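Below you'll find a set of structures to go through.
Next come two complexes, and both contain chain A; in the first it sits with chain B, in the second with chain C.
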Partner chain A sequence: MSKRKPYVRKMGSTWWTKNNFHTMYIVRELSSLVILAYSVILLFGLNALRGGEAAFDAWFAGLTNPLAIVFHVITLLWTLYHATTWFSLAPKAANLWIGENRVADNVITGSLYAVLGGVTVIGLLIAFVL
Partner chain B sequence: MKRSNEPVFWGLFGAGGMVAALLTPVLILITGILAPMGAVDFSFARVDAFASNILGGLIIWAAVSFPLWLSLHRLYHCLHDFGVHAGNGVKAAFYGAAALGTVAAAYLLLF
Partner chain C sequence: MSQVMKVEIQRYRPELDKEPFWQSYDVPYTKEMSVLEALAYIKDELDPTLSYRWSCRMAICGSCGMMVNGVPKLGCKTFLRDYPQGMKIEALANFPIERDLVVDMSDFIAKLEAIKPYIIRETEQTPEDGCSIQTPKEMEQYRQFSMCINCGLCYAACPQYGLNDKFMGPAALALLHRYNNDTRDEGKEERMAFLNAHEGAWGCTFVGYCSDVCPKKVDPAAAIQLGKVDSAKDYVIAMLKPGE
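Here is the complex of A and B:
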């Protein structure tokens, strides 16, 4: 081990409030809080489903609490914000080529919005019709 | 040099980001808003039938597990952004929780 003591600049925890770009970066990253919570809610629901009808109804009764509905509205909006940032980033992560031509960024982003729309319509059809 | 395990977690993070962006919104709308408000039939019999169907079970499993890898990966790296320099123990706890949720969801659907 060397005996030198390098200077480590303190970063603190509020740097991201000082500039809008950094704030939106943290808003995007923290969408994971509600996305994580929703996965855990689903996992508890699955466990309740396997526990039988009484357990499932008790889990579902929790979801009908007005605060739970407010939480899910916030979760939906925050998850959709994650989706918009994810779709804008996708062309930078996936560099697609068809023959000699690079697939344009807006084609990749637009296709992902189309898939989101399709999945949403199919999901609502299953929920309401089937 | 020891090979990094980061690509594995980054791959699961990428899959989780896709599932959370494409599938999770409509599920939140159905299970968290429309069903509790009484707009969608969410009875035990109906949900049980959906979960017992192979395709329905796969949808539930994907909706539970992949977003866990997205969110716990992001939250682990966010600790650094807030000035917390967590070590490998915390990293193992975060990814371990995602793995546990993934296995638990599969177990509940299969057995």
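Here is the complex of A and C:
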């Protein structure tokens, strides 16, 4: 008679705390929550814009609350972290060739940083100079 | 002079135990000693009841996968000198434990077989037909993915497979990509159903740990993301060609 009795280990809800790589994966994925909240705030802003100048000013005044500023700084840092993780993973999803040579990983990652830098500079120019 | 390391091993004896338990062994070691050699020392000198799998001792057979301090490793390619704080060894994660460090890999093997991991030709070629020539660029499309030794470390690293074993998993999807991208192969259509399925490439959330733990520097995460590109193209082409 067989004595086989395979033991299946359950992962449990804390599986992602047991390995640094998995923890950082969850940190990356959780950024979606603050980005969702940020998007909702922005949607309220668009709606306020439709409601006229007074409504928009009231929404904008809300953003100057210290809690709102802390939230926006956290969202910015967390989103930047998410972006850097995706930039470092991007070469895996891109099989680009020029002639007989594969485009090097650091060229792909570097291009993404260049685009991010460029868009940031243009955004800041529009916001503060124009 | 050799030092002594406390090696903790998770034991499971199906005929005796309800669940695994930890057992500690004091192993004298030199800086050349691998985990696999430490296990051999324990079995030969301390406890003959310990069970583990091994064969080649040189990271090509893929038999000695296990968790070392919670990280999937090959026992033959991991050295005691790198763990001065001691080590805890347990059976490869995400697989059922048969006994001690031996796991049941039959689900993994079935998945490898399912994706038709061989060159499929519409008409069989004979030696008289001559060589199938490939350029270096054509070979580079699949070469690294053919280096897989089926050790299962990537499955132990993958939380998606751990949470739902219906997911095809890293090695099977990398192998699928390897054959789909071989210019000698004509069987892509037969494999697309596996890739397109929810349990195929789309079951992957790009954790990326599979590629990190691979002892042969295969990049299954890359294969799966490129598989998603293939799958998306296949979907669009199917929309443009209704009735087929």
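Note that in this section the second predicted complex is superposed on the first by the 120 of 130 C-alpha atoms of A that agree within 3 Å, B and C clash if a C-alpha of one lies under 4 Å from a C-alpha of the other, contacts with A are read in each partner's own complex, and residues count from 1 in each chain.
The criterion applied here is as follows: a contact is a pair of C-beta atoms (placed from the backbone, for glycine too) under 8 Å apart; a residue touches a chain by one contact, two chains touch by 3 or more.
Since we're looking at a predicted model, the values are computed, not measured.
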Does chain B (first) or chain C (second) touch A:F56, or do both, or does neither? first
First, second, both or neither for A:N95, with chain B first and chain C second: second
Could you tell me if A:W16 is touching chain B, chain C, both of them or neither one (first, second, both, neither)? both
Per residue count on chain A, the busier partner among chain B and chain C is B
A:R4 contacts which: chain B (first), chain C (second), both, neither? second
Overlap of chain C and chain B interfaces on chain A (superposed complexes): 11, 16, 29, 93
Can you list the residues on chain A that touch chain C in the complex? 3-9, 11, 15-16, 18-19, 21-22, 25, 29, 89, 91-93, 95, 97, 100, 102
Could you list, by residue number, the parts of chain B that touch chain A in their complex? 14, 17-18, 20-37, 40, 42, 44, 47-48, 51, 60, 63-65, 67-68, 70-72, 74-75, 77-78, 81-83, 101, 104-105, 108-109
Which part of chain C faces chain A closely enough to touch in the complex? 12, 14-15, 19-20, 70-71, 93-94, 96-98, 104, 135-137, 140-141, 157, 159, 162-163, 205-209, 211-212, 219, 221-222, 225-226, 228-229
Quick check on the complex: what are the chain A residues that touch chain B? 10-13, 16, 26, 29-30, 32-33, 35-36, 38-43, 45-47, 49-50, 52-53, 56-57, 60, 63-64, 68-69, 71-73, 75-76, 79-80, 82-83, 86-87, 93, 112, 115-116, 119-120, 123-124, 127-128
